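Just passing along the structure, written as structure tokens.
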């Protein structure tokens, strides 16, 4: 049973790390604000989602699991808003093109 | 190498960088940032000290932790006060230089008013 | 683990120490909550209560064996925090209370909240009470971290006072002050962390039993000392002091110059004399006194070259701070420990007499400024006739500072001179005498301008309330008669020191600095004197002309050096250098 | 060398790299951003040092709110970068670098030479925890054993407010701090500012409540509440309160005031100043913490808002 849990964890966290890595590469290599933002928000949403998913089997109980999921939800919310604001500012100031 | 050694060297380096930035960076805002860096190095020092004093089931001596929490809040207040002074200075004088000679030249009537 | 020392138990009357902190702090909270209209009332309620507490400590201390202890929350150190008071604390508590009282009377007319301009009074009175609370905490705290918090409290209260009038120059001065003070307190905190890491306590009493000449302790001591020097503005770490002290409103300058710099100085005394008397070693003490000598020379010479009276007094503060540090090498005994209580008493007396005299002088200058609308030294002719009480207060404060009998400064000088003879360090006796002459020089300079007759009567532009001058005068007289007080229950002042204050011997000791000071004033001050057209003056100039030109050249060189040292990066480098030199000399001593 | 050590070395390297970037990068705005990233990673170091309370504080106050203050200032001063004076000469920078490096080296040696076994107060904190009825050792130190420091530090926060307010012009005195934020009422920021605060307030209170026995406390909770308040202000949904407002003043002195009052109660009726009677220790400490939570949140928010700039009417 614990082996199965560990496998899920390793798989989930590895997937998350992959997304974070890809997002970071995108942030550094993409040419303009909007595409960088795209890379970043992917990394945040999916990367953290996979990490949380991977960690869920390791939690002690329902309470901790809910805390983890709510952290992900908060990050989703904040990430979506901030991306929106940055994108709007970038388009208005013309640096997004 | 233990965590204490690694982060201890890190703390010492942060202190050195903070001192250098505080002295050598001409802009006040950069000095304030450097002060924060310096402060975080000193707080880490407390963390190292506390980590070495792990005992009684705690991974870190709670007394230095409490001192750091107090210190962080004081450092934040200092930052906020310094920034407020800086922004007000900018608003009134239009520049933020701390160099008294450069700043005193436009108005140098002897009474100072 | 040591057996619990008797100092780890609350003594009777220890609650007074709590009250000495809590009363001003409660005043801060109350004044803030009640708002602009009631700040002055709150302050005028708190000030007498605080004064009464200080007096009560003075009365109780000799009866409880010279020590008051209070364990906060009844937790004994090292877990808890203790408040402790000894003779030094009691004297400083009383001095602070007296100065704050006088400043409060002085400021009552200045910072009266009107409907429109409520900002400055609101900030001033709250900050005044906060400074009081912070200083009292510094004087009675028995824990190095509590001292750190108190030190920060003091800085946070002092900085906004500098920029109270909101001009760009004072904002700049306040920002410089804040940043440099923060640098100092971070260095202090660094040392605190190391000491905790080595001994597991920050309690002064416990540390004093545990410290040994460990390399970490010496590094910590060097860092903490440097941090405190930066906050005390000892030369060459004084970049922030002249603009901050000269730019603040008069009442605030009085507090900043008289009391605030003494706070960090007091912690330094605690650190060297109480925590680690055996560690610093003579070389480090000589270094401190050498920096003090630098402060005396730079501060005095630059003071003599100032055009504005407030800047002159600010530079005089710089010189007087240097004077305080001369006691460190004199306190060393044969065993290489800081053990002479007499030198310590002399240094502390000097701090007390400077606190009272300097506050009086800043207040007097504040009155002169309000009366004339300026404080140019060359424009002071006839002011003695127009504002006799203000000039009298300035004169008495100046005379007390010069070390004329029976002032506190004269007693302090006597004590320190005795210790120079005892320890055979004659060179510090020279510095002590020279410091007295320099002080005389700038006081004589100002007074000779103020007493010079004016061709046309001076018209005063501002009101001159009597209460302000009386407050300044009372404080100045206080400083002048400090030497007559019975110190022996608080400070180890030998009886024969006080008795030597009068007689032929004393008169000769008085004449030397006065004549030397007058000569220095003539030689070093570049400003034309009102008597400059008299025949006697011209004759004198023919004799000393070349010498005076040389001295003026030396003066301008010193002034330029001071300007360089007050650049931010130069001061920062000096700070690091001082800390490394201190560490090196401490390592050499052990 | 195990995997944890590798991770720690990597973490330290990234943190140091960010520290160097913060000091060395020419553009002030980039330096600020670098410092924020640095602050967040330092919070991770605190977790590795097993000091979760500090990690929370560092992330919330040191990196988070401190970063916001610096970022705001950097944005407002961005245009002045060109006109700032040139830096100090090479000799000055070189000597500053050498001296700073020697101090850092001395410090590093001292850290490596700290005595073994290290002194610690952890056992006596545990032994005396029964007096407060709470099991979070850090909260016990802050609120009981070193209560005086904590109370004085609250006064420091209040003085910072007085200092910031004292910078107002005489005309603006009593008015509202900071600029009025105008945001699209149907925009995404306003949406977030309506959605997040209820959850954020719950989180803040939870951090305070759990601080009795687990990592957390008034500072960390207060920082969360302050950020919720700032979010609502920045979205333009509410305005900053005028500084002359009586309720605002009361909230700002509430925390230290209650602390002082309880302390004085101990002086008059109990064992000592700041001593809590064992039976009521936990409720007393919690009520002080609740008052402090409000005070801290308001103080932090107002420190970020700055000096009063506008009259209260508009």
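Quick notes on this structure:
Order of writing sets the labels: A, B, C and D. Residues in every chain begin at 1.
As a working rule, contacts are C-beta pairs under 8 Å (C-beta built on N, C-alpha and C of every residue); 3 or more make two chains touch, one makes a residue touch a chain.
Given the structure is predicted, the values throughout are model-derived calculations rather than measurements.
The greater number of contacting C-beta pairs, out of the two interfaces C-D and B-C, is seen for C-D.
A separation of 32 Å divides the Cα centre of chain A from that of chain B.
Chain B and chain C have Cα centroids separated by 26 Å. Centre to centre, using the average C-alpha position, chain B and chain D are separated by 13 Å.
Within chain A, contacts with two or more other chains are made by no residue at all. In chain B, the residues touching two or more other chains are 15, 18-19, 23-24, 32, 45, 48-49, 52-53, 63, 67, 70, 74, 77-78, 81, 85-86, 88, 99. Residues of chain C found to touch two or more other chains are 79, 145, 149, 152, 156, 159-160, 163, 166, 171, 190, 194, 196-197, 200, 569, 572-573, 576.
Chain pairs recorded as touching, per the definition above, are A-D, B-C, B-D, C-D. Within the complex, the chain C residues that touch chain D are 10, 15, 18, 22, 25-26, 28-30, 32-36, 70-75, 78-81, 116-120, 122-123, 126-127, 130, 133, 137, 145-146, 149-150, 152-153, 156-157, 159-160, 163-164, 166, 171, 190, 194, 196-201, 214-216, 219-220, 223, 569-570, 572-573, 576-577, 579-580, 583. On the chain A side of its complex with chain D, the touching residues are 70, 74, 77-78, 80-81, 84-85. Of all residues in chain D, those touching chain A in their complex are 188-189, 191-192, 195-196, 199. Every residue of chain D that touches chain C in the complex is listed here, in rising order: 88, 92, 95-96, 99-100, 102-103, 106-107, 109-111, 113-115, 118-121, 124-125, 128, 144-149, 151-153, 155-156, 158-160, 162-163, 165-170, 173-174, 244, 246, 249-250, 252-253, 256-257, 260, 263-264, 266-267, 271-276. Of all residues in chain D, only 1, 4-5, 8-9, 12, 15-16, 19-20, 22-23, 28, 31-32, 35, 38-39, 42, 45-46, 48-51, 53-54, 57-58, 61-62, 65-66, 69-70, 72-74, 76-77, 80-81, 83-88, 92-93, 96-97, 99-101, 103-105, 107-108, 111-112, 114, 118-123, 125-126, 137-138, 140-142, 145-146, 149-150, 153, 156-157, 159-160, 163-164, 167, 217, 219, 300, 303-304, 306-307 touch chain B in the complex they form.
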